[in-house]
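What follows is a pair of complexes built around chain A, which joins chain B in one and chain C in the other.
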Partner chain A sequence: MNRHHWIEYQKAVAPDHYFFGRSCIRQTFFTGSETAFIDIVEKELGLDICDDARQHTCTGIGYHSDIIPFLTTSTVIARLFALMTEKGYKNYVPSCITTFGLMSEILETWEHFPETLAQTREALYKATKREFEVPENISHPCDIIYKYRNELKQKMKYQLVDKNTGEPLKVVDHIGCHYAKIFPTKGIGGAEFPEVLSGMVESWGGSIVDYAERRQCCGFGFRNYLVQADRGYSVSNTYKKLESMAPYEPDLIVCNCPGCTMFIDKWQYTIAEMEGKTFDKYGYGIPVLTYEELAGLLLGYDPWKLGFQIHQVQIEPLLDKIGIKYNPEEKFASASGKQLIPPEKPVNLKV
Partner chain B sequence: MEKFDIIIIGGGPAGLNAAMRLSNMNYKTLVLEKEKVIGGKLNQWDKLFPDFTPAIDVLKYLTENIKQENTQISTSTSVTKIDKSDNLWKVTDSNNNEYLADAVLITTGFDVFDARRKEEYGYGIYPCVITSVDLEKMLETGTINFPIETSDRRRRIAFIQCVGSRDEKSGNHFCSRNCCICAVKQAIEVKEVVPDSDVYCFYMDLRMFGQHYEELYRRSQQEFNVNFVRGRVSEIAPTFDNRVVLKAEDTLLSRPVKMTFDLVVLMVGMNPSEGTKTLSSLLDINDEYGYVVSQDEHVADNLTNKAGVFVAGTCKRQLTVPETMKDADSAAIEIANFLNRR
Partner chain C sequence: MIKFGYAPVVSRTLDLDSSDFSLRDELIREVPSYKKCIGCGGCTSTCSAHQHTEFSILRCNMLFRRGKYDVLEKELDKCMLCGKCLLVCPRNVNTRDMIIKMRLLVQHKNKKQ
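Showing the complex of A and B:
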């Protein structure tokens, strides 16, 4: 693909000293991702990151479902900033794209309507006696991995290459809408062709699939999923994306947003059950990875410690394709080594 | 240092027309043109709307009627400095030559909008996406080059209007005024070259303000079956067979549309040229886009608030070719009056 205009655009990403904000969804569905990120920052890159146990929700899902008003949300987020300030940090790193988008929105609102910042300070102080500094830099973890992608490449044991053919793996990048569609300058490479994931993939040996529904929403859409009657919209969105990418026979999908990773992964099961249809040649589905899981795999981290058991589309065919070593015996072993009962197998989606 | 009555900066239609008028009034005129050849955007257009006059005919008329003995033309020359020196204007060019003149006329014109800035339309990324300037080059050769070969289907061609105009995202709020009627002209020309094709124009609203524009718009539908869809295109993306799929909303039907095309033509808008931006800022007579601001749009539209600096054509705002020519005529009269008063 030819390079485009915004490719030259790089947002400012703080080089070190990060205050990490965890994600409600990610800790539940992509259990190894955040730990992998912290390990990558601390152990691989030798940088400083603070993982504060006092942190809490950003209210993002409630806010985008119209059940939490702006001032409440901004006050809850201000509390997160207060925790960061108390720890002496200035660079906030929210793990979730929803939080990232929400923080960007709040900072922009504070800038244009300073009275809302004053109201937030007052509300936070009244409720908690806390005060806060506005972060100097808000970067998503994917920005940080992108920034250090070439340094990480040096440490990687594997590449995004088919070990049998030597060909680069075909990767679909899916960028969360709230990463750069709201504020194009907050994302690396802008809103239309964000460079953040494709840059990692290309640096690590893969090739990017450019397809008609590349910018299409994953299907989460908050109320489209949360209101049960609207879930058809959610599934059909994902269906549209998968159908559009399928002819290119992608080897994997990488996402930077927890909602997207979850829905593109899990709706593959739903669509297989509803229609008997899968989007790869062999009936296993297309694996969907977070960027930390992808980086972790290539760095040689244990796939089961990265949490791939919990994914709907199973990872083994991809591991075999790259030549990543893993122990099938440990897939469903507990931390103490005891074998847990494996989950029930789906009817139509092979595992 | 050579002295002229007037230095014209920019050798496009406005500059050449003014040079023609002033040289025929026996004023000693210097034209500085940054490109290798004179003619400006007339060199990029095959035929002009609304009557399909070959652009080359206009250029020929101008060059043939410039009084040679009163006119010096210097090509591949841009202006780097301009300042007042003893009631005269001193102009320094990119070759470090210095000239003096009683008056300076700015006719530095426009550049087309860089379509790569609207990344969602994929210009420079997908070969099926071209600009109106690229299409004009094809029309000059009498063939349309479709990037993907086919023998078994009717070709589908889309025109997208307002690319880089009336657009918050690209920072251009103005209407470029030329592209609606230009799309109608080009749609007809495409149908003439490829009769076995379906042509669609996606528009916000069609601004057919000039004489014969409405008539041409009607002809394009009645005689050439060009389809007009009211709706702005949201994005263009590749198909598996390397054509492109276009997504828009048909706001008359209140429905989203998604169609596959063999060729998409972006009707790129008009931005002040680099030369216009440089000069307007050097002289501190620039607006928020970098266009030159005239002294008064109603009664002194060829004057600037710098005595002896005049302005004409599309370095000021978006004008059609006939409007540009008339503007240059009136600039020549203003300059002649100014020089006579000296």
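Showing the complex of A and C:
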């Protein structure tokens, strides 16, 4: 029998000088996450990160929906690498798990089929007159936060602890499929023991819930969602996960994938309005956070600047549990301080 | 409740922890040859009812073993008790008797519930 050692499940994460790639979904649904990540890297850790305004989609959603062919995707990604090369960086940090998975897939293809790399270089040059170098390191932002989790802990104002009982909060970690299920060596802990989020949570004082459907997909799955009639498959996946974790009464869910964060959050509203079922004791649902939002909250960033108003499951019960101070009047205030009209309330899901 | 144009799919996962296998032992006591079944499907292939309907002894056997008694009651009613299955069974399972006893046990169980 072959023995596996923990060292085989580790990956190299570049220590500094990152070229940041933004996500299409995250900028829409988790508006404060990427800004929080840049702030954490620059202000808290004092590292160098480049946020290039010329960047664009990776085509991930189109590619996984069979709309965009491989060579087109490869060339679009090569353009992102070209922007990185022009700025003098060698470490690419894609904010989205789909982009991370897609870049890993393309680098692997270029390695095994060098003719596809030559074709891509030619296509990119013909289209844009640009050239690129293959990145030396591709790390997801969660890899970087995981790498510096103990340094960040020193700066945190709060811990993942219930302020009334002193008990660690029960946290569900959900790892996006494209993080390590496609290429297990590209993720910390591989596909079997992904440690990237659980490591952060445990380091910041929380305890991890190990439930039966922990490795189940969130249900996004691209094709499962695009056609309305198919969305039953998507919602069923999430339903199965939520049903499995509910008996453990988790305080929050933390995800590293934009699709997972969005679906586990929004489907709680859909299930509540469709069947009247919620997965916590009080009918508010289980809050779903990105790892940057979680880090930002514990570092003492303003919850409304982190964009928690946009979440479907509201964050206030969790903030009260940890003891994080916030101003309820600023929840729906615009940047100029003007009060905006709050969104309509759901019927079954309490807000 | 809002209709979104889709709904969660009912899970077909068999949860062995919550399944009821109480009738299986009773059937083995009543029809000991039931234990010899190897699930070859010979009974179903020769079944007259199976030629014209979706009735399948093999499926009934599977539903019984899984404790799906609610679905099984209607299914067992489709058997005409002709006994052709008895002739082809390579393990000499008393299939006709098995169906009769299954019916009684399942009816009794469902009535109690």
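Just so we're on the same page, the second predicted complex is superposed on the first by the 343 of 351 C-alpha atoms of A that agree within 3 Å, B and C clash if a C-alpha of one lies under 4 Å from a C-alpha of the other, contacts with A are read in each partner's own complex, and residues count from 1 in each chain.
In the analysis below, a contact is a pair of C-beta atoms (placed from the backbone, for glycine too) under 8 Å apart; a residue touches a chain by one contact, two chains touch by 3 or more.
Every value quoted in this text rests on a predicted model; they were computed, and no experiment measured them.
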First (chain B), second (chain C), both or neither touched by A:K240: second
First (chain B), second (chain C), both or neither touched by A:F19: neither
Chain B versus chain C as contact partner of A:D230, first or second or both or neither: second
Partner chain(s) touched by A:G276 [first = chain B, second = chain C, both, neither]: second
First (chain B), second (chain C), both or neither touched by A:W110: neither
Partner chain in contact with A:Y148 - chain B first, chain C second, else both or neither: neither
Sites on chain A touched by chain C in the complex: 228-233, 235-236, 239-240, 270-271, 273-276, 347
In the complex with chain B, residue positions of chain A that touch it: 1-2, 4-6, 190, 192-193, 210-215, 247-248
Of chain C, residues touching chain A in the complex: 1-9, 11
Touch list for chain B against partner chain A, complex: 114, 116-117, 119-120, 124-125, 235, 237-240, 245
